[in-house]
Amino acid sequence: MTKIGFIGLGIMGGPMAANLVKAGFDVTGYNRSSVKIARLVEAGGRGADSVADAVRDADVVVTMLPDSPDVEAVVLGEDGVLAHAKPGTLLIDCSTIRPDVSRQIASRARAVDAPVSGGEQGAIEGSLSIMVGGAAEDFAAARPVLEAVGSTVVHVGAAGAGQTVKAANQLIVAGTIELVAESLVFLEAHDVDTGAAIEVLSGGLAGNRILDRKAAAMVRREFTPGFRVELHHKDLGIVQAAAREAGVVLPLGAVVAQLMASLKAQGHGGLDHGALLKLVDQLSGRE
Amino acid sequence: MTKIGFIGLGIMGGPMAANLVKAGFDVTGYNRSSVKIARLVEAGGRGADSVADAVRDADVVVTMLPDSPDVEAVVLGEDGVLAHAKPGTLLIDCSTIRPDVSRQIASRARAVDAPVSGGEQGAIEGSLSIMVGGAAEDFAAARPVLEAVGSTVVHVGAAGAGQTVKAANQLIVAGTIELVAESLVFLEAHDVDTGAAIEVLSGGLAGNRILDRKAAAMVRREFTPGFRVELHHKDLGIVQAAAREAGVVLPLGAVVAQLMASLKAQGHGGLDHGALLKLVDQLSGRE
Amino acid sequence: MTKIGFIGLGIMGGPMAANLVKAGFDVTGYNRSSVKIARLVEAGGRGADSVADAVRDADVVVTMLPDSPDVEAVVLGEDGVLAHAKPGTLLIDCSTIRPDVSRQIASRARAVDAPVSGGEQGAIEGSLSIMVGGAAEDFAAARPVLEAVGSTVVHVGAAGAGQTVKAANQLIVAGTIELVAESLVFLEAHDVDTGAAIEVLSGGLAGNRILDRKAAAMVRREFTPGFRVELHHKDLGIVQAAAREAGVVLPLGAVVAQLMASLKAQGHGGLDHGALLKLVDQLSGRE
Amino acid sequence: MTKIGFIGLGIMGGPMAANLVKAGFDVTGYNRSSVKIARLVEAGGRGADSVADAVRDADVVVTMLPDSPDVEAVVLGEDGVLAHAKPGTLLIDCSTIRPDVSRQIASRARAVDAPVSGGEQGAIEGSLSIMVGGAAEDFAAARPVLEAVGSTVVHVGAAGAGQTVKAANQLIVAGTIELVAESLVFLEAHDVDTGAAIEVLSGGLAGNRILDRKAAAMVRREFTPGFRVELHHKDLGIVQAAAREAGVVLPLGAVVAQLMASLKAQGHGGLDHGALLKLVDQLSGRE
């Protein structure tokens, strides 16, 4: 039975680890908060006292952490994964971080970057979409693990490529939320029935996942996360840096990054990213 | 058997009229080009020599024309629909035009505005998404006709509301094409496999109809229309005028309208709107 | 002595008419509000009871009105300037309006379009910058009148060209105010002494009239007009329509037009256009 | 006589060092290219073989280098300024770099950051505008040196503040060039005489240094630097990073940064920044 060390048992990592247990893996988890560890134990996993403890006997280590510095500390740090895992252990990093950090890790260990899309709901259902960068044989080795937590698992290129595709994902998601927000405020200002409009828009070329899953809550001005503005702001920072580095011009990407930054600057970093609609309301004098 | 007069047998109107024939309606069609009329006759309809001839005995008149001035001329003009149709004839205008023109027509006749989304393929398949503005009883009367050409037929509000929703549709479609274009160029610049990326992006929160239907052709730089840049440019003009009038601010909408205008100004008005990717290529020095 | 009929004695027109009196012209003024007429009489001019009365004996008619429909009504209307002025009277329209309206007037009368820049202060001081469109001989005839109210009087092209240059002027002014606003908020957020910064910025390549005349009031958040947001919003509408018509893409112009529209939508149409800084404060969470 | 060590004798640094010689300072200069050193010797200065040699006996060290990494290497590096200058030597860094690098240097040495505006012409004429960050007593000590190369020398705040004001300067300059570019293309598209328009625009509220110094060359499509696109692109990167860090939203700043990035991506990094007009031409189909 494959032994998995799992670091980071938060909103996303917790249900992912539980799904690995369900799929028959021997999972030992670690998190700074012991409450999260206890929850994994209830779900049938084991708890560890430290990163070292979690990875020492593992065949595969999965990490699911908030940002690049967290991954650098946990993976490359003094008491980190590389310091304590057996030689040849496969590292699967599901965090959304800077591509260059993923490449740096891959240069020092057997590793794939495997960021996910689909949110808390996708993590619980095991229906995440997972974009994987790394060597073909490492992808092959990682696949059975990833298929236990996601329904779409695709190898998109060399180390870092998973992060690059995730960056594109975050660009499209932020932009689509903003387009839907602009449309909904536009329709309300013209006294159109937004419920009927969402239905008919979904049926044509304008159809998208944001209309399907988030537009109704946006119309109700419900912005409980879900995915937080401050995390999406961080991700759009990665998009912009990567675009600048590669000489790619992003006319809409640059604008939506400013809008997300404004939400955060106005103290809404803890709201769901659907709160981009709040900003269209504000700019249009409709608050 | 309901008698339908159908004006405008082009790329969209031609297959729509044919689908009405298939559904058992008695359709008499008129178009300035007689070739288009001949095609309807082949499909089992009748041909007319003039607008007057097409609408004289009709219970329902359907119009499918390029722009506001065309509809004003054909419907309100001296030898137009209102001058020759029987009192009480129901007018269904499927053109995408300015909402105020739709409201003006509705103030002078029994009429609904019923613009469609779904493109030539949707017109042929009878799977269009149709957004209808007008009185409830007129929508009820129009419904059986519209259900013969579309699979999603929704009443969204009073006269003009169909056009307002269509405007929102065109805003989302243009914006989504641009977001996909920016993402594809971004991915290519980072040497990522775009085919794999499109697959995995489609599976998550970034999923949309443009990724499903147009992204592959965009990657191949194939821009045969489909829906032409110059028509989408016209539609974004309607969006902007309606937003300005209602005091709604569209940060992404304003930018994508400039990009579409640039394509047209550069002589690409006849290409498919997926050509927004050409502009990202150009701006990023990748042509 | 040249007889001048002057229509529109508001914030700008009032002091301009008074300057014409000072320069020795025989000025008969009309305004809907009789208080404004009384002020001209105090300054040594004559009052009229109607447009007809003001223009009947005039050699030159000057109009200074808020918007295109006002000019159309006053000049082309039933009881307007053209109906009552002597044949050959020279019409000098100083209003900021759509270029096509200026061209229409020039096609029906001997007329130049002569919009001004410099604000209330420039009107009082007679130091306006005036951009004149029309035939060379009409410009020559208008020049002595215009030099009594402005210090820079330039013939920029055929009928309508004055309006086109004024549109460009309004684009640069709005954009520069916004650039200064972004810079000031940026400097405050970094705890820089803005007074010292304004001084040093003015001395280099960044130097401009907005830094010289408006930045200090903007830092104090004083937005008493001056030139009102709602008028600048109207003017940016003219800019955008003219750009669209000519196929010119305005990346900054489109964005600043949205920002001005937002100020108006938020109920700040009556503030000075320097209030663009309010919006940067708002977007940056610094209100 | 104050002894000055001067590192960086390029387009800007060369004439600045020569002006210091003229003002009576004892200047020893170093540059990687010995041709530049020879030119300083001709102007009456001394040449050095290394950074160490240039700064060993200096009372004041002036640095004028292209980018943050250059300053870090030359000032903080193993064989750099701090390693070889006497204790208490005043460091005046005139380079345009990241504010945090200036603060880091000020934490390790007696230093002011003193970036300049005014271009090659201002450097030759000694008419630069200089924005100085640092302690009051260090500014007082630097002032006589800076007044030999600039005509506006202002203390704007603590260490790093000079760079922050320079960032704002670069934002306004880039934005103003773009506004002038959009206006000129707009005027040409409407067949207006741009020479006359520049004159009249300069006289009103739209007046700015770009209209005065660069617009005529832009109309002639002459883009010989001057100040290169690739340097301005670097500076706008500093602006954006500093704005993001401080939570300041820059709607125009973000757009003009994309446009400058596009010029560089299209291979125009070596042109003068006035080449933003090329991009407006391109987007408007007027090349």
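We just call them A, B, C and D in the order they show up, numbering each chain from 1.
Note that in this section contacts are C-beta pairs under 8 Å (C-beta built on N, C-alpha and C of every residue); 3 or more make two chains touch, one makes a residue touch a chain.
Keep in mind that this is a model prediction, so the values were computed, not measured.
Comparing mean CA positions across the assembly, the chain most remote from subunit A is C.
With each centre defined as the average position of its C-alpha atoms, the distance from subunit B to subunit D rounds to 52 Å. Rounded to a whole number, the gap between the C-alpha centres of subunit A and subunit D is 41 angstrom. Chain geometry summary: the mean Cα position of subunit A and that of subunit B are 36 Å apart. Shown for subunit C are the residues in touch with two or more other chains, namely 247-251, 255, 258, 262, 265, 283-285.
Taken pairwise by the contact criterion, the protein chains are fully connected, each one touching every other. Across the complex, subunit C is touched by residues 251, 258, 262, 265-267, 282-286 of subunit A. By the touch criterion given at the top, residues 237, 240, 244, 247-251, 254-255, 257-258, 261-262, 264-265 of subunit A touch subunit D in their complex. Residue ranges of subunit A in contact with subunit B, taken from their complex: 99, 116-119, 122, 128-131, 151-152, 154-158, 160-161, 164-165, 167-169, 171-173, 175-176, 178-180, 182-183, 185-187, 189-193, 196-197, 199-210, 213, 239, 242-243, 246-253, 255-256, 259, 280, 283-285.
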